[in-house]
Each structure stands twice: as C-alpha cells, then as structure tokens.
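What follows are several structures.
After this come two complexes, each holding subunit A, first together with subunit B and then together with subunit C.
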Partner chain A sequence: MPLTRRDILRFAGAATAGIVFSPLPWKMLDDVAIWTQTGPWIPKVPRGPISHVPSICSVCPAGCPVTARCVAGVPSSLRAASGSGQPLCPIGLTGHHLAYHPLRVAGPCLVEHRGEKVLTTSLSLDEALRRLPSVDGDRSVMIVDQRPGRAISDRYRAFVRQHPGSFYAVPDDDASMRTVGYDLERAHTILAVSTPLLDGWTTPARTARLIERRSKNDGLRILAADAARSRTATLADRWMPIRPGSEAALLVALLHLAHAHRQPDMTPSMRAIIERTTPERVAAAIGVTPVQLRHVYEKLTERGPSLVVVGGDGSNSVDAETDRLAFQLNRALGAASNGAIRQRPAIPVSEGLRERDLAVATPLSSVPDASVALVIIDGDEGTCHLSWESIVRTLHPGASIVVSLSPVLTALASHADLIIPSPAPFESFGEATGDGTDIACRYGVSRPLHPRRPGSVDPELVLGHLSGQVIEHEAALRDKVAGIWASRRGQIRTPDGSTTNLTSVEGAGSLWTALSEGAVWTLEGAPASASVRALESDASATDRLAARLSELAAGGATSTIAVVPTTWAPVTSCSRLSPLMTKLYQESGLRPTSEVAAVAPATAHACGVEDGAVAELRAGEQSSKVKVRVSDSLAPGMVQLSAGPDPVGFRSPEPPAVANALPRGRAAELRKS
Partner chain B sequence: MPARYGMVIDLDRCTGCGNCTVACAVENNIPPGPPGVTDRTGITWMRVYEADNGEGFPETQSAFVPVMCMQCEEHTPCVSVCPQNAVEVDPETGIVGQIPERCLGCRYCMAACPYHARYFNWWDPKWPEGMEKTLNPDVSPRMRGVAEKCNFCHGRLHTAREKAAAAGNAAIDPADYVPACVESCPTQAIVFGDLNDPASEVAKLSRDERAFRFLSRLGTEPKVSYLSSRAWVRSLADRVLARDQKEEARG
Partner chain C sequence: MNRFRVLFPLAGLLVGLTAGWVLFPALLYRTEEQPLQFSHAVHTDTGGMACADCHSFDADGRFVGIPTTAQCASCHADVMGETENEKRFVEEYVKTNREVPWKVYARQPDNAYFPHAAHVTRGGIACERCHGPHGTMNTLRPYQVNRITGYSRDIWGSSIGRVGMEPWEGMKMDDCVRCHRETERARACLDCHK
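Entry: the complex of A and B
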C-alpha cells in the first residue's frame, strides 16, 4: 500500500500525542533539573587523594588534638582526634575555614578611616617595614601579646628587655587570674560566680567531664551565682540570682562565713572589711537573703573539695580585686591545701634565652597613659577581649604608630595605622599554650595544612627588622621545643591518648617530631599555696574594695538599669570566626546576637519599649542600637546583652558589641529609638 | 533483617553548645547564610532550640532540644505529599532520603513536616572565595529552589559501605557509620545506631523509661527519641497536643 502524505501527517500527529504519555517528557524534565543544578555557578567539590593528618587546633590557646581530613592536601574537616577523648568546640570544628576569611588581609597595608568606612592601601613588605620607626633609647615600644608563652613571646620579651622604657603588655586577665588553675575533676562542689563554667569557660573536654560526672550522679554539685539566667545558670543544679556587679560583696560575705578574717596572714584592712561584712549587712545589696547566703556556704562546706570560680569569660566581667577575693575564699575552703587550685607553671623559655634576660609581662591597664610611641599588636588572639580604648590611651600624643599583625581585619586591626598580616591558623606552624583555667601548662604545635597566602609575614620577621636579629618562624619554634626538652619535666601525650615522660624522649628533635604529629607536652602545677603572697590584695586594692561595697550597699533602687553581658567565652575575644557561624547566630538563633537586648516585662514597660522594638542603649559615653526582646525569665532592672562577635562580624570590621566595652553591672539607660 | 537507623538524644546532657549544628553544616556542605538570612530562611539540618518550663523569673528552667528530621517510619508526611517522588524511605536503612535533583521546589514537604525540619534553598550556595576548597567531596552542594534536610549523613553511610565492600564484608561495621553530629557532640548526648539490633545502645536507650518522642500521637513513628529525667521536659512532647486541644475546645 503506497504511503500517502495524509498517512505521514497522521503518524506524526499520533506520535506527538503519544510522547506526552511516554516517560520522555518526564525524563527530559529530570535531566533539565539535573543540568540546572550542576551549572557552572554551583561550586564544585574538590577531588583528589584523601589523607588524615594528626595535629592540634591552634585557633585558641587550648590546643585540642585534631585529625584533619584533607582532600588533595587541603583540609575539608577537622575532627577530634580519636582516642584523645577531647572533643572540639564549634570554633575548632571550623578552624580550617579561617584561611579563607572574607576579611582576610591580603598583604601589608595602610589603614585609613573615612567616616565609618575603613580603607586599606596595599604596600610592599619592604615599604611597610620602612614605615616602622627606628627604635632608639627615647622611643618607647609596647608589644601587646594576647597569647603569652609562645616562642615569639620569648622573643618579644627579650626585645623589650633590651629597650628600657618599653613594655611587653598582656591582657589583665592573663596577668593576674590565669596564673592559677582549677582542678575541676577533683572538686565535688563548684560555685560559679558570673562565670560561664559550662559554656566555653574551659575546654569542651573538661566541660564534658563535668556533665558526665553529673549524669552519673557521682555527687558533683554545680551552683551558679549570676545576675542573668546564663547557660551555666540554666544547666547548674542551683541558680542564685544576684544583683549585677555584686560579685565582690557575695565573695566577701562568704569569706565572712568562712571566718577568713581569723587567718593570720590577712592584712588588717582586709580583715576589717571581711569582719564587718556580715550576710545580714550585704544580703539586700546582693539581691538575696542572708539565709540563702548561709545555705550556699553550707553547700560549699558540706562536701569538698569545693571550688569557687570567678570571671574568665573575657568580657571585662570581673576585676582583679574580685578575682583575688575568689582566691582567698578558695584558700579558706581548703582548695589550696587539697590541690583543687594550683599554681600553673610557666612554659620553659626558648633555648638560647634565659628567663632573667626576658622582660616581665605588664598588665595592659598598668601601662602609663601617653607613654608609647610604637605599638605592635600581635596577630594571635587569646581568650580575653582587648578593647581599642585600652590601647589608644597609652599612645604618645603626636608621633605614634600602631602596627597590627592580625591576618584578619578585626575590630582592633581596623584601628591600626599599618597592618603586616601574619599567617592564618593552619597556614604555618602554630602554637597552643594551654587552657588558661587548667592546673597544667601545655605546649603543642599545629602543622601547616593550607598552602600559605603569599602576602602573609611571620611576626619574627617584623621583630627581626626592629631588633636586627631575624630568625625563621620554624627555627623559633624548634628553639622553644628544645627549651622544653631541656627542662626534662612533664610528659607528652600523643593523639591516641598514651603518655610518655619527657625524660624518656631522646632529644629535642624527637620531641619536635612528636609535637608536630599532634602530641602535646603537659606539666602539672604545684599546690597554689606558694602563690598566695602574689595574689593577696594590696592596700589600694582593699580601699577600692571597701569603696565598692559601700557604693553597692548605698545603691538601692535606681532609675537606670544594669547591663549584664552574657558571653560564649571562646568567642568573646575572637574576631576570627568561620563564616559558618551564621548557623548559630543568625540562622538558628541558638546564640543571641550582640544586637539583641533582653529585658524583663516590667523593665520594658518602665522604659517604654516593646518586644521587637529598636531601642537605644546608652551607658556613659557608649551607646548602641539594640533590638528589644522581652523575656519572662529575666529579673527586672537589668538588660542582658550578648558580648561577642557581631552577627555579621565576618563581613564588617566594626567593633563587635557595646557589651564588650562595659563592665558588668554598669548602669545604663534604655529608651525607644 | 534490614537496618533501621535511629537516634536517641539525652536532653539532660545537652549544653546547647551548637557543635552538632556546625559539624552538620561542615559535613553536608551547607553554605553560610547570606546577608539578611534569618532563622526562617537559613538552613540548619540540625537545629538546637531552647525550651523553657513556661514559668517566670526566677522559676524558669530551660532545656536545649536538638531537632532534625525525625525519619518518620509510618505515613511519612513529606513522602506522601511530594509530587516528584523526591523523598523516599530507603527500605534497607529506614532513612528518609531527599533527592534534590528531582525536587521542583514546591515546598509541600516543608508544609507537611510536623517538626519543621525541612529547609529550602532560597539562594544558590555560595562560600567566601577560596572556601569551596574545603568542601566535603562526598556531598554535592544543592542549588537554589530545592528543599533539603537531615539524611543521617548519607555520605558517611556510602563511605562505610565502600569500606565494607573493600574488606569483602556484606555488612558495615557500626563504628564506621557515625553521623557528624554524633561524632562532634562533646557530652555524647546523641547516640546513633540500628534500632533493629536489640543489643545496640540506641535500641536500649529508646526503651528507657526516660525516653519520649515528639508528636508521637501523629502515628508517624519517628526514629529519633529523646531522654530526660525532668518531667516538664518530657511534657514538651505533649504540650503541642494540649495547645491543640485548647484550640479545638475554643472551636
């Protein structure tokens, strides 16, 4: 039968109609969907051989052991080293992202402020070094080291010692309270006074052990005295709400109950303060009843060893006097004699240097005003918040220059005149000097995992330019390790959990090999009684304390409200957070951003603000726009602010939060904006 | 017998540190939120909520509650509403899998999920320059316009299967398949395993007297259970029910 034109058309029409009922269109839809989802604008995952590299995390000083899973030599994840029993924190889990921080400084640059904008102008390294003023006898230098105990710290100290009138400055917290470590594992009762004990105050491993002990009902009791219902207050066995800023009064009242004024080595003025500070006298000022104070003291003495921990959240929360009071209370509770608090030993200095040839650390607040012509701010951040105000007051008016070695344009670096960026974490050998609350000092070395960015400069090179003695970064670290080995003290703990005494390690080279493969050197501290003298209050401190107690007692009800910063300790000072932290701050609301101010319904009503409203929070000369969150769980008369990174901190170098700059309990005003 | 993977989360151990949320994002190549992202538009396969007992100061008590896809076993709501068959329950593992290539972005599944555990890609995935080098090679990034959710780290299951196959074993070693949130939890509050294995810790804990499941009244048989010795925390599972009953009573 001949095919007609009509047959062909009929077949084509039927075929076209039939296609609709065949899998073809659906398959095409699928393929188009797949094709559009693998377009060139969708990032491709890396490919290459997978390796697992043991190291330690050097993002903060704690130095938790990690295993880096690397793809083609670039880390794709950091995990806690198996066998170490030391989990990581969210900062550590994302430490490998920091090399790609959006605010990373590409190379040496000048910083300029135009209005609210921060502008940077690139320089060559030679030009940047030429801009550093020569250091002669008349010119005073201050080197700010936020992470003392490293190899470069020893070099800084040697340099400062050779230049009289210069300062090796460390954050106040490092200078005072961090010389004492707490044996949390030994304690049966812990009183956390305005301390984020269970929220990053110490390493995740130590926090986890506390939680583990509690879940096993081994008798551990955690008491929290905090103005706000912080996370530690939430997780503690008992929370005692106190008035903001009344920590010192609480400790003095507990010292009174402990009869500390009968101790023979107490100074007369301190003895008088403690003797007259009865619970009945200060309870109202603290915001509790005398019965509650006695109950807390009974709990502390009921089952020892007991510990009182104060501050340490790095947010200017507790001053040195309060810290000294805590030490004296611990001593009165027997923590010094039973080893629950210990003096943490110092890490031995680098080989070729002697302790007596190195400058002593000066607390930053003790550096005189207008005394420094050149400030060098080391690039490694520690665990204490450092405000620009604490540095700018030391600058000599006129010809002074501030140099930041930060690899990232942090809030502090954005105020500097010149940035000579050091490598980011895991780009070169890093160091960890241990958790500042532990009874042991530690030293670990993290291996470079990323290819190094060309514009970064080792701090040793900058210091070498000033001192005329250049040393390679790795050589400086090897000297430090050799110094530790020469001490023949302590032990090394490998990532699998096994320990070896340092005396069994054959030489400094073997120790370097072990440390660069993830091992950590540790040395436990001696009982803290030896350090008592150093921590006792001097006469001026006692006067300040007496004045504060009087002020607190006279305070009563005021028309203002008190600021209570709540912190997530690891990030209070840390500007270098992974961009992935939006998951915690913005995308889940698990961590409040620094823009949110929480108040009680009564406070909101008194201030004329509503839930969700934008308001102005003013404290002294500081003011900030905040978003009001009304919460039933807060006490009236205070505003709870999150001290920490800006919610979009990785996109802007602006100062993080008003709470960082305010002392705890500072009076403030909240008004509708 | 096929596996039936599930989790038990001890709320008395959870400190709300956020490790699980962050570890999940690293493992599953979930990008950082763009400017302006909120808790409604962000993507957190594992999200930790803070719940309280409803009392005012100073009687308030809180608990942190990690919530992810509950891997519903019966009448899985997201499966039944998906017009594209982009959600499937794997009969070999019991894991509710999401197939982004099939998803057309209608978000019916998000509306159907009683746990609000599904997320939508409002933007194309974007990492800061260079950071894409740190992505997990086992998980493909998803494009704008598709829904996604927790799949118990499916990439790790594949890796465990490959390892078992290379060793000539038919079954995987349970130690080789541990989701990122479980691995990263510092207090070991999350326990993962095969609920069909009566000897496994997860199976034992899921039968613990402290165990409860959220919205179990819906009959979807979620495979994620929670533990708490605090009565008010356990009552959270029924709180929504109580609210519904009140609303029904009001008409």
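Entry: the complex of A and C
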C-alpha cells in the first residue's frame, strides 16, 4: 500500500486533534504565562531573614524617620518610624524603589544628542575623570548644589573659595526658602498665597498636624488665595480666586492695609509703592473686589498669630520679590515678634573647616552669563526647580563642559556632556538637611540599605580629582557630624521619640552612632528680626516690583488665556519618584503631567476644544501639544498645567516644553490641534 | 485496502493523545533529589512533635516556613540517632552553621502572597488540608520541578489533567478560589496579589 500525501495529512490532523484533547496546549499556556513573570529579566524577590532597620528618609531634605523592613538584607518596604508620630509621603514610602529606577545611569558615560535621541557611551571612571579640565585662573568652575547643607556642600564651598572666579551656586528658590522658616504649629490664621499648604508644600508630619487641628476645630483658620480651586483651596475656610501672577499685587495691597508704609525702616521707594497701592487701585487686577481684600486682612488680624505663606513646593516657587513682600507682610502682622516666623539657623560646617574659609552660596540667576568653563551639577533635580536654560547661559562660549553627578538620566543630566553617576538613595550614606519651610534646621543620616550598584561614584571622588584632596564619603559625613557635635547646640531625637540635648552626647562618635541609627539632630531658629536686612528689597528689586504692578494694573497681557502652572516636584521630575507612583499618578489623573491642560468649561467652549481633545497651547514662540481636561476648578480664562524641568520624565529628553518656560500668569493661546 | 487507511487517523489520534498525556508531563518535569533525606514520621510519631513545633510563627505572627539549621540544632547539636542522614546533617550543616538548601514543594510564585497566619491561626485549617500526609512520611519525595516555570509540581498537582486528585493536591489559584468559595470567604484580587 503506497503511502499518500492524504494519509500523512490524516495522520497529522488526527495527531493534532489528539493533542488538543490532552492537557498539553492548556498547560503550556499556563506555564508560559507564569514563565513571563519569572524569566531572568524579572527582578527576583529576595527570601531570607526579616529585619527592621531604623533610619531616615534622605530622598528629600525633610529627613522623616523611617523603619526599613528588609528581607535577606534588602529593603522590601519603608514605613514611618513608630515612635516618630509622623506619617510618610508617597515619595518616602516608595523611596527604596529608586535604586531600580529605569533611568538609572549604569556608570560614567558621555552624552550625545542625535536629533531627539539621547545616546550615552560608557567610559571608565579614569577616562571620565581625565576629561575634566583642570581648574586654574583662566578656567572657572561652577558647582551647582541642588541639596545645600550636606557634608559635600562644605567641601564644594571650600574648593570654590580656593579658586577665585569660581561659583558655588544654589537654585534661586532654595536660597530664599532657607532664610526664614514658618512656625505653622503656632499660627492661628494662615493665608496661603498660591501655595499648596495642605498638599505637599511642607513635610507630611506638619501637614498632618495642620489637618488634625482643622478636624479638631481648635481655631486654626486657613485662607487660600489661588488662581485655581486647588486641594488646599478646597480644604481652606475661605478661597479667594486671584489672577495668576497677581500674588505680588495682593501682598502689596495687604501691606497697604497693614499700614506697612508707616514703618520707619521701610525704604522710601518701597514705602511709596505700598502707599499708593490701595485695594481699590489693584483689586480688579488681582481679580477680586476691594471688600474681599479688606475682609481677608480683617481675618488675618482678627486672631493671631497670623502667617502669610508663599511659594510652591520647590518646583514652582514664586519670585524673590514676592517672597520678600510676604516677609514684610508677616513682619507687619507681628509674626517676627511673636515667633511665627524665624530665622533658620545654618547647619554647622564640617570639622576641620571654618565658615570664613568657605565660599558663600550664589543664587544661580546671579552667576554672570558666559563666565564658567566647567559646570558640575550635583544631584538630580528631584527637589528643586532648575532648568537647563539657567545653566547653559553661564557657559563660556568656548570650550566648556557640563558634568552631571545625577544617578538617573534626568532632563538636566541628558543635556550634560558627561555623567558620573552618584549612588541612588539608600545605596550609600545619605543626608537630610531639613525642610526649608521649617523653623528648625535638621541633620540626619540614612544608612545604606541596598547593595551599591557598580559604576556609581561618590561626589567626593570627583571633587577630590579636581582639588587633589580625596576624602571618603563616609569620612566626609563623619566630619560633618563632628562639626555639629562641636557646636554643642540643639538636640537629637531618636526614632522612639525621646530627645537628648547635644551637650549630653559624649562625643562625635556617639552622635554618629545615634544618627546612623535613625536619630535626627535639630536646632530651632531664632526670632526672624535678625534676618530683616537679608530680605529687604534693594532699589532694583523695588523698580521691578513697581513695573510689574503697573503692568498688572494696566491690564497685563492681551491674550485671552493666562497660564496657571501647578506642580508637585516628583511629578515634574521623575527621578525622585518610584515608577510605581508615576504610573499610578498618570493613570489615575491624581497628579496630571504637563501633557494635560485643565481649562474651565467656558474657556474650552470659547477655544473650541472638548474634554479629552488634543490641543495646541502656544505662548509666544513656544508651543506644546496638550490633552484638554475640562474642569470647573478653574475660573474662565485660565489654563492650568504642570510645570517643571521634566514633567513627564519618561519621554526622550527634548527641549523644554512650553510649560517649563512659562512664568506664572504668562499669556497663552489654546486652540484645537 | 481502505480499512488500513482508516488506521492512519486513529494512529495519529493515539500518538497525539499519548504525547499530550504521557510524553509531555514526562518531559515537562525534571526530578531532583533533596540535599538530605528527612523523616517527618520520626519527629511526629516517635518524637511526638506537632507541625508547629518546627514550622512555627515568629513574634510578629509571620510564618517562618522551614526551620533554620539553628532551630534544628537546638536538639541536633550532636548526633542523636543512627541514621546516615542525621550524621551528615550535623557534620555538614550544624557544625558549619550552613542552611540546608531544601527544595520547597509548596513554594508559591513571587506574585502570590499566602499568609499562613490567616489560614492556620485564624481560620483553624489543619496543615493536612493543603500539605496532605507530608507530615507522616518517612522519606522526602523526589522534588519535581517544572522546566518552564521553575516551580514545584505540587503547585499544579500530580495529575497533568488535574483529574482524580486528592483534596489536598494542587495549589493553583483555582484551588484557592474553590476553597474560598466553598467556605464563603472573601476572594478579592489584592488579598493574594499585593
């Protein structure tokens, strides 16, 4: 019997049918599905003994006490230390994820732009260090410190002091925020001007205390002046919708009502501005009525201590003039004399260094254009607002090089020429220098919890290469702790909640042991009157303020739409937020990115755009594609979107979107794309 | 002639069924021996011990799983019996303070969270309900590992078709859900997949 093709097909078809009637295909489906979750590319959950390690969170400067639950020595979760009585924010709760961030830089690398793509080429550490130019009389260096107050900050300052013409630069908002702290716990009335007071502005512990006081109805009154009905405005006793960009005018009007122009130490030009800025004159420009302004002032004076807080959350802070006005208003309300605002003390410098031998911090905007040949950007832009434009203008037009020490490929790092990545949070000893809104300065040390990734380099090594004086990271921190101990001021608070005066601590070694086991050193500030000089406006600032008020009173921009930037630092810079939270925020819409623009129903209708539609937001020469979200939390004529250095973070780095360059109240157009 | 031709599809069907029911499971699982033999029976019968004496819960209520060498050494610091396995255990693991790399029959995938405390302590479920007569056996069964997933065969159950299995066999999600359904317990996704 000859075997035909039909026979073979019958055999194969029947065999296939037999397999279908067996568990093979179904079991294979099941197993392959599991295999996709257990393949070698999936990080494996460690198994082993469980331990609980007390530490602090050093992801942001606040330094909240945490307990790390470790499995086989690897952190699996972070929670607030039980004795601290402080909650943790979502950033801190997922801080141990950051070592696994998908944008981690594996090691020293060169950065190259090809079109919109960013390419990195790995280098050995020696090769990377060889590419750093020597710093001499002709070549000046600018070190941008995004986390001032740390041990390495002291070393940077000493290095810059020894090299005339070089700069130790800090973000502008950082320099201003660190001068005066707010005693929110003491205040009975708080006016939050474009400030997310109850939504990430300060530490979770202080926010929780404010909310608890509100819930207990103990007399705390919160007033919110904001262009949008923010979360803070929703929870406040009173929301006063103001035009974006009119914060300075609002404060000057309140200063007028407080008769601040009668204060003897007021400069004549400032006195003139306040005297002529009556509520009637600027109310329309602010978007309120004179009666509303007087009502807010009455509430502020009705039950003190009263506080006026301004500024965003580090990525969206108001300008220095507005900050000074808020200080003047607080002083007029008596906050300086009753202790509601205080001058934050500086953290003592490291042992072996003297304050007078260290360079003074220069706000980045004060560094002259085209003045530096080497820029070293320390850290990532996770906790402050730093745009690439603010860096690039300082570069010498000739041969200049920008080096980023960021552990992740942030927007700023992607513009650098060279990246020498530092360890991620919890990979080495970290530092927390205290929340900039607090009246106290703090210092804490977080212990390394993760095994350190090969390729990451301590900033001390890079600085040591430039200065010729290499110091180990841990040794630098121990010097800082020794400097604090030598000051004999302040107290330490252990994770169980007990406090000890520093004078009772036997030596710097004991202090180091306590801090590395989760304790935090704290020093409360002095009355703020001493810092009046530092915050008083100079002549040029007064002129700028006068010009702004005139522009505002004259009607400001002619466009129909004003931009209301809103931000929450981790959303605008992904480097300090776990990808898990990024995904949660983006998919839930809890923290929209700059790709989502919120507009009032009337504005959407007028612009011809619908909810969910893609539209073009244009401001001057810049434009950006945005997804429209119609929201009644905004007044007509405004568009709200996130602003910051890298709002989305996971996109390929590109020139800043329109939102990043927009100051508060910038005029814009919105039209259907 | 045509009668023979009918045999081709029948033979194909037989080959397919054999491949699916016999050959496939034989190829899918790899058999591995445990590093040591261990008699549960000696401990539970002769020794009069209960499961929880060794497979205990720690101070915060967490099930600790297989006891560590240090726990075993509280009794077996020196050789107590006459078996070769005990002698090896003491020499190779107790005296060198090493952990025995046991192959765990009931280890669940990493994406599944199973709290023993909720089932045993609170629910009062006997160990045998899920682990069968494991605690009364004199030897450890060969450990069969799925070549694709890397997990124990006990998760799926001894029968490739999952038919005719004992009530305690199988630790797939279906088995968990069935029991929860029968006992009218909550079965939300996040209960097991955190």
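In the analysis below, the second predicted complex is superposed on the first by the 591 of 673 C-alpha atoms of A that agree within 3 Å, B and C clash if a C-alpha of one lies under 4 Å from a C-alpha of the other, contacts with A are read in each partner's own complex, and residues count from 1 in each chain.
In the analysis below, contacts are C-beta pairs under 8 Å (C-beta built on N, C-alpha and C of every residue); 3 or more make two chains touch, one makes a residue touch a chain.
Nothing here was measured: the structure is a model prediction, and the numbers come from that model.
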Residue contacts with subunit A in the superposition, subunit B compared against subunit C: B
Partner chain in contact with A:623 - subunit B first, subunit C second, else both or neither: neither
Contacts of A:23 with subunit B and subunit C, given as first, second, both or neither: second
Which superposed partner A:580 touches (first subunit B, second subunit C, both, neither): first
A:99 touches, of subunit B and subunit C: first, second, both or neither? first
Touching partner for A:51 - first (subunit B), second (subunit C), both, neither: neither
Partner chain in contact with A:14 - subunit B first, subunit C second, else both or neither: second
First (subunit B), second (subunit C), both or neither touched by A:215: first
Subunit B and subunit C footprints on subunit A, overlapping residues: 34, 37-38, 44-45, 50
Subunit A to subunit B touching residues, read off their complex: 30, 33-34, 36-39, 41-48, 50, 71, 74-77, 79-80, 87-90, 93-94, 96-97, 99-102, 198-200, 204-205, 207-208, 211-212, 215, 229, 231, 234-235, 239, 241, 578-584, 586-591, 600, 632-636, 648, 650-651
For the subunit C and subunit A complex, residues of the former touching the latter: 1, 4-5, 8-21, 24-25, 28, 58, 62, 109-111, 146, 148-151, 156, 160-162
Residue ranges of subunit B in contact with subunit A within the complex: 10, 12-13, 15-19, 21-23, 25-27, 29-30, 32-33, 35, 37-39, 41-44, 47-48, 50, 52, 55-58, 60-62, 100-104, 124-143, 146, 183-188
Subunit A residues within the subunit C interface of the complex: 1, 7-8, 10-25, 27-28, 31-32, 34-35, 37-38, 44-45, 50
